[in-house]
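Please go over the structures that come below.
Two complexes come next, and they have one chain in common, subunit A, joined by subunit B in the first and subunit C in the second.
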Partner chain A sequence: MTAPQADPRREKRREIRTYAIGYALALALTGGAFAAVHWPRFPARTTLGLVFGLALVQMIVHLRCFLHVSLRRSSRDDLLLILFSTLIIILMVAGTIVIIANLHGRMM
Partner chain B sequence: MSAGDMRHAGINLGTTDQETHDQAEPDIFGFWIFLMSDAVIFALLFAVYGTMLGATVGGPTAASAYKIGPTFAETVILLTSSFTFGLGSIAMKHGASNRVLLGWFAATLALGLAFLGLELHDFATMIGDGAVPTRSGFLSSFFALVPLHGVHVLAGCLWLIVMMVQVPIFGRDARVKINLLRLGLFWHFLDIVWIAIFSVVYLQGLIR
Partner chain C sequence: MTDGIWPALLGRFTWNALAFVRAWQNPTVNEIIGAGAAMMVVLGAASVITLITVTGKWGYLWREWLTSLDHKKIGVMYVVLAFVMLARALAEAVLMRMQQAAAVNAPGFVEPDHFAQLFSTHGSIMIFFMAMPFLTGIINYVTPLQIGARDVAFPLLNSISLWLTGGAAGLMMVSLVIGRFSTGGWTGYPPYTELAFSPDVGPDYWISAVTLGSIASTLSGLNFAVTIYKLRCPGMTLMRMPLFCWTTLCTSILMIFAMPPLTVATALLALDRYLGFHFFTNDLGGNMMNYANLFWLFGHPEVYILILPAFGAYSEVVSTFSSKELYGYTSLVLATMAIAVLSFTVWVHHFFAMGQSANLNAVFGIATMTIGVPTGVKIYDWIWTMFRGEVRFTVPMLYSLAFMMTFVLGGFTGILLAFPPLDYLVHNTLFLVAHFHNMLIPGLLYGMLAATHYWFPKAFGFRLNEKWGRIAFGCWVFGFYLAFMPLYVLGAGGAARRSQAFFEPAFRPWLYVAGVGALILLAALTALFVQLWVSIRERDANRVFAGDPWDGRGLEWSTSAPPPEYNYAVIPVVDGRDPFYDGKRDGDGYAVPAGYEDIAVPRNSMVGPATGILGAGLAFGLVWYIWWLAVLCLAGIVATVIARSFIRDVERIVPAADVARIEDRWHHAIAAARPISRHHETTPANQGLAEVTA
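Right after this comes the complex of A and B.
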């Protein structure tokens, strides 16, 4: 990615550009999600899917542009930690919702 | 190791301050572990909120308690504060004057406090309308999840004030710089949690 002896001035411009791109993308994705809810055009289920999809994309934009997590890292410890935590979170959240919803269905 | 390499998340100091850069890697990684454990806490509160969505016991529902306007304003304010903090980190890395640095941090702090003010106003309106935490399981889980993020933002604001004192007093030594890198990660992380909150809590509740 960066040249071995990176020029600080060029790097500064690149970093500011990364933040600016991230900010613009984040605003656009947020605006899209709020607009989809405020002016509904689709059935509720489609809108919900759209909102969750935009949120996922925005999280990736934030990780990439603000937290500078990338796949091309010389040290990938951060990325491994994030992916493992994501796995744990998916297991626990999906497990909780499935089990409690199932219990709820049986109690009715 | 080359000077411009990326060794940890967030801004890397390799190009301008190799010594601090070498020191930063384990510190930043440790802080990531804290952030990810915090993410697990939030994720479980989201899961509880998801299971409690229907538990309104005839009280206020998501559609009646939430308002889209203030939520959008809070989101834009928090996003902008992340951007100003990022520009502050870049100013710190490339040796800008203290005035520039403290200017960006002051802007971030003002936006953080504005966010907290709007959020408190929202909660006060909800409570005034009878949407108190003890009313239903749905409202209990709401008030466990969203204000916890607010408390994190408050902690971030206090930390920012401490750093605005440390920068002029200690100058920019390795400890201050690494603290600023960590605070940057914390601030950007809170933004990611807020994405989940406005999507899962507010927008999901407001879909007609």
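Right after this comes the complex of A and C.
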């Protein structure tokens, strides 16, 4: 599981750089979302979509830069777990909405 | 007695809450049965405490067991808990069977309200405090050994899980003596369990016990999943893990995702009952269907949480006792994963009759039927594993065979129930009760019993008595068929489940047969206890200290029996699926390492017992509205967690010299033992060293 032994000092510098990039990106994405609401350029619907989009990118940035989940082999397990969790949560949430909406419809 | 003081001190407790007082004031058979059960709890607890005190074992028990963080000891304690709870729940089942047999056009001897408590406690205990502790215990014991680890990933958390489960089980016991239990069944559906319809303490007991239990199971699931992901020994890739580890992994993942919906459902119900919320009430916008949805979002994956570890155990047993590599390993892994994912797509089949559209039911009905496919794959794989193997009919193998036949039968009735139109006819009848016992008794109980018989010699260093094992096996199987096949007939004939009395004389003979079956099942449990007693008495003749009584295949058999506390003196390195089996054949199964190193093991901790006892206290306070107790216990839990974070010295070192002494003793025993062939593995000649044939 361990990567080939690298020079620990270089390793550490790289690590810090990743965190710094992640921090900058996270700040920019959050700021972007606030900016999109504060200085509205687009209709409300588009703005909402934009904020959702930024949030998704934000998630990926967190996973990549802070949690070190990437497509590399060593973090394949983590990636699979995250995808699996996403699948299950979608199943549960979507299923619940469908069922309750269906019942609701038949009560009308 | 001023009015203010007692309620402040004792909440809503009154003397009438005591089962004994009720029986004294109103000595009917019904109340006397209740008081008798309470008496058994009190006497049982008192005699255990007296016994420990007289033999002076408190210190030993506290140091060696209760505060231990060793996954093996925690596993054993879980299994002990499971057996205690099994005894109670089975006794209740027999009582229900007797009542129903006696109550055809007659009142019988158990009143309706009491009967409702019986099926509620029986169901809740069997699922949450028998099945879950049993499989958690076996997983705890076996998985770290199988993956070549020294413990689970979070030993302290493990102890906390154990104690939360134990505290919740204790609460179930207390409810027999003080107050009463819920009458809402193991599902606890509102609005019936809301304050408006059940203002008593019953549902509060149920909520507390189930919530504590579900939190404990979530934590266990996290613990096992991380253990498997992070602590496998070098060379143990995922696809080289024993199948039991795969089922552990899938069960843990199911626990992580399926237990929280239950915790949420019971917590919301508690908010309704305690703080006047309206999540599930009839009025003010409550919607009980969301409870049904949340509950079964947990409930269906739960049945696979229960069944998968048994599948794992059967895979190990069938392969070992056929002396053959597991047939279709990859397909078994894929089938396990498929079952795990599919189990999240079928939960509506538990409420087909509760109002969704036919199309929605059809989708979930079809999804339900597809689960039959991976399950069928597994059955064929086990059959092919036995094919042309050197099959020995030992007790675990007998359970496996009984499982295969019986489980398939239950599966068929499950496919029937997956048709929504058919479900409309037999839902809420004894047909359903027959179906799920037909799945859970072979698919959980037999599996755990097979696992117990199989791994017992590893855990305690001696084999269990074969003769009594076979008697118990015969009773479990024969009793099962007698007790549950009639229920299919009764259910198809319209007998509603959870009925305290019947009015159809034609039911009588079937109820009698089922009653006899229940008594045979009671005999089966008794036979297991006799077996344990006899085996302990004869232990010196049946020792297998060398550690490999069955010519085992996985790493767990490559240690002494019982294994040392650190499991492996040197962490093993594996290069195949049956590392120990192959190792024995290549001649390096028992290689003596060049030297030993110091080994760190987790130090004992009283955080587990403290959280469990305080958690139960908190729950008890909430049930009885004894607010000072609840607040005190909650503060205690917080304080315990904070105090623990200041403890830095959490590991104990086993010095290399001690390791060497322990290992040398074992290696000498191996050298002195006589290898035995498979014909003699159930005789005292078995010292735990297998004769190696090609």
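We adopt the following convention: the second predicted complex is superposed on the first by the 89 of 108 C-alpha atoms of A that agree within 3 Å, B and C clash if a C-alpha of one lies under 4 Å from a C-alpha of the other, contacts with A are read in each partner's own complex, and residues count from 1 in each chain.
One rule holds for everything that comes next: a residue touches a chain if its C-beta (ideal position, glycine included) is under 8 Å from a C-beta of that chain, and two chains touch if they have at least 3 such contacts.
Predicted, not measured: the structure shown is a model, and the values here were computed from it.
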Which superposed partner A:25 touches (first subunit B, second subunit C, both, neither): neither
Which of subunit B and subunit C A:69 touches, first, second, both or neither: first
First (subunit B), second (subunit C), both or neither touched by A:96: both
First, second, both or neither for A:87, with subunit B first and subunit C second: second
Touching partner for A:37 - first (subunit B), second (subunit C), both, neither: first
First, second, both or neither for A:77, with subunit B first and subunit C second: both
Touched partner set for A:106, first subunit B, second subunit C, both or neither: second
Partner touching more residues of subunit A, whether subunit B or subunit C: B
Subunit B/subunit C common contact set on subunit A: 77, 81, 85, 88-89, 92, 96, 100
Residues of subunit A defined as touching subunit C within the complex: 77, 81, 84-85, 87-89, 91-92, 95-96, 98-100, 102-103, 105-106
Residue ranges of subunit C touching subunit A (in the complex, touch as defined): 229, 253, 257, 261, 287, 289-290, 293-294, 297, 341, 344-345, 347-348, 355-357, 360
Residues of subunit A defined as touching subunit B within the complex: 1-8, 11-12, 15-16, 19-20, 22-23, 26-27, 30, 33-34, 37-38, 40, 44, 47-48, 51-52, 54-55, 58-59, 62-63, 66-70, 73-75, 77-78, 81-82, 85, 88-89, 92-93, 96-97, 100-101, 104
Interfacial residue positions of subunit B with respect to subunit A in the complex: 1-12, 14-16, 25, 29, 32-33, 36, 39-40, 43-44, 46-48, 50-51, 54, 68, 71-72, 75-76, 79-80, 82-83, 86-87, 90, 93-94, 185, 188-189, 191-192, 195-196, 198-200, 203-204, 206-208
